[in-house]
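What follows is a set of structures for review.
You will see two complexes here that share subunit A, one where it goes with subunit B and one where it goes with subunit C.
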Partner chain A sequence: MHELNFIVLLAGVVAGAAPLVFAVLGETLTEKAGVINLSLDGTLLLSAMVAFAVTFETGSLLLGFGAAALTGAAVAAVVGVAGIFLGQSQLAVGFVLTLMCRDLAYFLGNPFARLHGPQVLPLPVPFLNELPVLGPILFHQNLLVYLNFLLIGLVWFYMYGTRWGLELRAVGEHPQAAYARGINVRRLQMLYVLAGGALVGVAGAAFSLCTKPGWGRPQGAEGMGWIALAIVIFGGWHPVKVACGAYLFAWLQMMGISFQNQWPSIPAQVFQVAPFPLMIFVLLLMHFSQKRAVEQWAEKHPWSLPLIRFFHGTAPASLGQPARKRLGS
Partner chain B sequence: MREKSETLKGIAVELCMSLGVVLAFTTAVLLLAKAPPLQGYRYLLEGSLGSWTKIAQVLTVWVPLTLCACGLQYTFRIGLWNIGVEGQVFMGAMGATAALRWGVGSEFPLLWLVLSALAGALSGGVWALLAGLLKSKGGVNEIFGGLGLNFVAQSISLWLIFGPWKRPGIASMSGTEPFPPELWLPSLEGWRVSPHALLFTVAVILGTGRLLQSTRIGLALKAVGGNVRAAPLFGLHAGRWMLLAMVLGGGLAGLAGTFQVTGVYHRLIPSISSQYGYLALLVVMLANYRLLWIPFIAFFFAALNVGSIQLPMMLQVDSSLSGVIQGALVLATLLVHGWREKAAERRDAETARRAGGERHA
Partner chain C sequence: MVIEFQDIHKHYGASVANRGISFRVEPGRIHGILGENGAGKSTLMKILSGYTVKTSGRILFDGRPVEYGTPAAALDLGIGMLYQEPLDFLPLTVLENFMLGQASGFLQSRAYYERKLEEWCRQLGFQLNPGLPVGKLTLGERQQLELLRFLTLGVDVLILDEPTTGISPVQKEVLFEALKRLASQGKTLLIVSHKLEDVEALCDRVTVLCDGAVAGNLDAPFDTEQVLGMMFGTPPAPPPRCTASLGSTVLSFEEVSATGGRAGLTRGSASFRRGEVVGLAGLEGSGQGPFLRLAAGLEEPLGGLIRLGERVMNGLDPLEFRRSGVTFLPTARLEEGLVPGLTLSEHFALAFHDRTFVIPWNEVTSWTEKRIDRFRIRGRADSPVESLSGGNQQRILLSLVPEAPIVLLLEQPTRGLDLESARWFWQQLQGLCANGTTILFSSAELDEILRVSHRVLVFYNGSIVLNVKTDETDFNQLGRAIAGKV
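Coming up: the complex of A and B.
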């Protein structure tokens, strides 16, 4: 009985993390190239709305996901053009887009509120889903979850195993040097901003077509964009660690639900914000784990080294800085 | 931030271009929602400036928006992104409510109103200080620290409304028990807006201008904001000045929350800040971080907010249209400005090259 509960819980975590995994991987790609797309919270909502509206009108899930990916890329394009080519503050543009896309989603999505539309259905993998323990957790899911697994591996291999990935990292670490080596820095950055935005768009669609089906004000995905941005920092801009962060967060969310059942007198909204203080706490932990004193302490206590190392992670060196040096223009 | 190209003509050209872009965009959005655009604009205008009552309502929104925007002047000047204004407004409202709860039934209601303002400013300031300490001591980026604290402040207020401060009988989203009228900030006959709050806000605008322009504090904030690494060379402790800027900004946001309680709702409600904290950031950006423009832009934004309230009833569309217009306006301004700057840069480079060529010839 107890074991069964555990399996159900883990399966729920894997399913619940699906949209976040898309979003954090997308943002990791963007930030690795040295650009911050702060607009995630609004982009997620806007693409969730677009996905639901398109699917509702056409009946095609594929079109819904496609439209959402285009929406995400379009919003990211604004950040890219303003930040990379026009030298404006990426933070400012991203923040404005966060608010504007959210309001745009509420405004345009109004006619689609509280309607019942098509959803992504579970698609168990034959044979694999009959494995003990792992089967129900990993292979009794929907297509989005399998795409998640695939994407985590793919992004990791792309970044650290291919020449393109090397160029991507070079552009984020040292754009001037990359430029000197003949890389078109701005074009590459724009490319990864678009790709990352498209993935965030898919994440939005995953919310409104699968994890939190339907559209409304509020939709239920509010705040997730900010969480995703924090998870990217938590995962130290490494695709696998970032994905782990998304799963950890989904697990905490599940715990929150069970806590809520224990203290029904506390309003649900209080538990919904629990991730945010946690996010601050984790960021604090990351900061202090990189202090000299902590490292010295860890050297004397070898068991703690893996833990401390997990919290290490450095931002791409030129993250968020406008490419003012007339790179590639 | 943009000293060079800021001639009057340049501003006018950029303004016209941005407004054109926003008008086209908003019209497209309205058409997409199958709402008649002209009627939409008419309702926005009539709903905000159509009568004295409406204008008073706009001014009620203008007060917290301007206070928050003035507070942001300090933090932006020193180079901090104080995204936590929203939470600071919440904390201010809670601080003020706490003070007023003590003062119910007191013989000196005026004293308690003053005390509530102090408590509100203090609570907002402390909340901002927390975000500042997280940044300076804990290495937590102020965007994430501030944002996290926003959600925390919001949930504290929900907990208070549904828990310790709940209405006798049943707790509800309509907020705490309203205060007796002697603890309300007095307002003029027929107007819902408090003249005290208006006067105070004007004083804050003037005070902020004076502080930033012609005191040592303003100079220090600017110096640290201009170059954090060079600041210690002039004997400026960057971390401490950042904390001061945060406290000043948070204090003003807290006062905005106080006025929401004492002057507008006369109780604590779950949406006490009405997202003015986030909107204030847009106001400051559109004002290009200049104090002079803030009161006017804040008034315009407040008018949009008030004007859009009746849209759901009249046109069956969502009231978030105001947010779309405000966002589009800031975005268009940033893009147009960036584009013109780039064009000017290219022209300069061209002239320089030509001049160089002539010298060679």
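Coming up: the complex of A and C.
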């Protein structure tokens, strides 16, 4: 009985993290290219609404996801054009977009509130789902979760194994130097802003069509955008670590739910809010690992090195800086 | 490849950087571009490397006129430029930096590039670890990496901007060897510098620029007097040593240890007298930086005593040091010394007006203008500091020093300054010293230290290995001490 609980819990974590994984991977791509898309929270809501509305009207999940991805890319395009080509503050534009998209989502989505629409259904992988323990956790899920797994590996390989990925990292690190090496900096940045935005859009669709199905006010995805932004920092802009962060957050949320069942006397709000301060605590831990004293201690205790190195992560050096008119001169 | 500049002009708004520059560069030779700061050398090289676009004029390669406007296009034509601060990516590894920008497929063949890197390293006598992040390399090694990268790209023309600034003497030797070998293989090398000794040691031919125009062309061997005459009109006299008599001890270090810099400081003892000028010699990162910062109160000693007069200063904050008459001028002018984004008058207000809550702007502005005049700063009261040239930024820093400091600490004060500016700078300092200010300065130039200071401290690996009067030592003894052989 106990073991079963454990498996159900982990399966819930993997399923619950699915939208967040899309969002953090998208934002990682964007930020790795040196652009911050702060509009994540609004984008998630708007694309969630669009996905639900389109799917409800057409009955096609695929169209829903596609429309959501386009919505995400469109919002990101505003940040991209303003930040990269017009040299405006990415943070200011992103923040205003957050608020605007949120209000837009609730206003336009009003006719679709509290309706029952189509959902993404579970799709167990034959044979693999019969594995003990791992089967029910990893392979008795829906297609989105499998796409998650695929995407984590793909983004990681792209960033660290291919020439384009190397160029992506170079652009966010030192745009002038990248320009000197014949890389079209602005085009690449715009490309990754759009790609990142599209992934965030897919994340929004994953919320309204799967994880927290339906549309209403407040939508369950509210606040997730901010968490995704924090997780990208927490994961040190590394796709695998960032995905781990998403799973950690989903786990904290699941723990909240199961603790609530065990201690009904504690107000439910405590468990709902708990993951957020815990996330901050983890961020602190991560910075703690970069302290000199900790590094010195770690040198004497070699076993701890991989762990400490895991928490290491530095921001792309040119992150968030408005692009200059002419790079270089 | 023969490069020919024909009547190159470059205007930045109203200011003119190049006014009608014409000369020829022959292949297989090392061609020096010499001139003081602001003479237009860097602008001309940026035009050649495609980083800026010229206003008018023609560039000919092997007699054919060429037009291009990006570094990538210049690379395609076979021209690469190595900047003073290399344009590389610190968190990426040596190998990744090497591969970036080289034509290769979607999936990279790391092994192929690693072999290539190794091959070039062997050929030029460099030692680079392909797996190390570039951030862990010294400036000299980063320079070597850039050089290799350009060679693999097959450039014919290499431009090096102040290649010897900030690298160790050993690295300089390795670099010079490599450059000579490349020239003998038929590459065209252009070296931009304001250091005469480097140009004399390396170049076959020199073009001297002065005020945006060509002052003359010279072939090796060079007549130093003639070159200086072209650079400055009349050769500047070296600044004399301050002759004020020395007073009582104003600052002392007793067995002081600290962290910071590459080597920290280990049990350093020394004392300094009123009106004394002391040069701190040593390779970069040997302990001079922490020493100066300890004296300025910016770093706290782990052990030992720092006294200012009779007072023990351990544990006091930098403001208390400043109030007691200690002033520190860091080498990173824009990072540590000045506040980018603030104007000149705002800097003066920040430094001197701490009594009133409301800033009397009229007063500050007129005062600023007086200082601008006195320190011959090329800028206005309302220009932001970052818009000024390095030499002018140094003048601002000096003008921010209170009237009569007791101790003035200078970190590489003349680094990046041309001879004329450096001479002017020392003239001002000697005025202070004659009034009893004690001056401690670090410098990478032994010549400068021997010329202006009363005493020299040599740092090696965080220790003071030599403490000697300038009159009782010479270039050779100091050189050996710097290398750790006392």
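Note that the second predicted complex is superposed on the first by the 318 of 329 C-alpha atoms of A that agree within 3 Å, B and C clash if a C-alpha of one lies under 4 Å from a C-alpha of the other, contacts with A are read in each partner's own complex, and residues count from 1 in each chain.
Here is the rule we use: a contact is a pair of C-beta atoms (placed from the backbone, for glycine too) under 8 Å apart; a residue touches a chain by one contact, two chains touch by 3 or more.
In this text the structure is predicted, and so the values were computed from the model without any measurement.
Once the two structures are overlaid, the count of subunit A residues touched is higher for B than for its counterpart among subunit B and subunit C. When the two structures are aligned on the shared chain, A:Gly161 is found in touch with subunit C, with no touch to subunit B.
Judged by the touch definition given at the top, the superposed model places A:Asp103 against subunit B, while subunit C stays out of reach.
Legend: residue contacts after superposition of the two complexes on their common chain; A:Ile257 is shown touching neither subunit B nor subunit C. By the touch criterion defined above, A:Ile280 lies against subunit B but remains apart from subunit C after alignment on the C-alpha atoms of chain A. When the two structures are aligned on the shared chain, A:Leu134 is found in touch with neither subunit B nor subunit C.
When the shared chain is aligned, subunit C comes close enough to touch A:Ile183, but subunit B does not. With the contact threshold set out at the top, not one residue of subunit A is in contact with subunit B in one structure and with subunit C in the other. Subunit A contributes residues 38, 78, 81-82, 85-88, 91-93, 95-97, 99-104, 106-111, 217, 223, 226, 229-230, 233, 265-267, 269-270, 272-273, 276-277, 279-280, 283-284, 286-288 to its touches with subunit B in the complex.
Residue ranges of subunit C in contact with subunit A, taken from their complex: 46, 51-52, 70-72, 75, 87-92, 96, 99-101, 104-108.
Across the interface of their complex, subunit A is touched by residues 29, 32-33, 81, 83, 134, 138-141, 143-145, 147-152, 154-155, 158-159, 162-163, 278-279, 281-282, 285, 316-318, 320-324, 326-328, 330-331, 334-335, 337-339, 341-342 of subunit B.
Residue ranges on subunit A touching subunit C, taken from their complex, read 161-164, 166-167, 169-170, 173-174, 176-183, 314, 317, 328-329.
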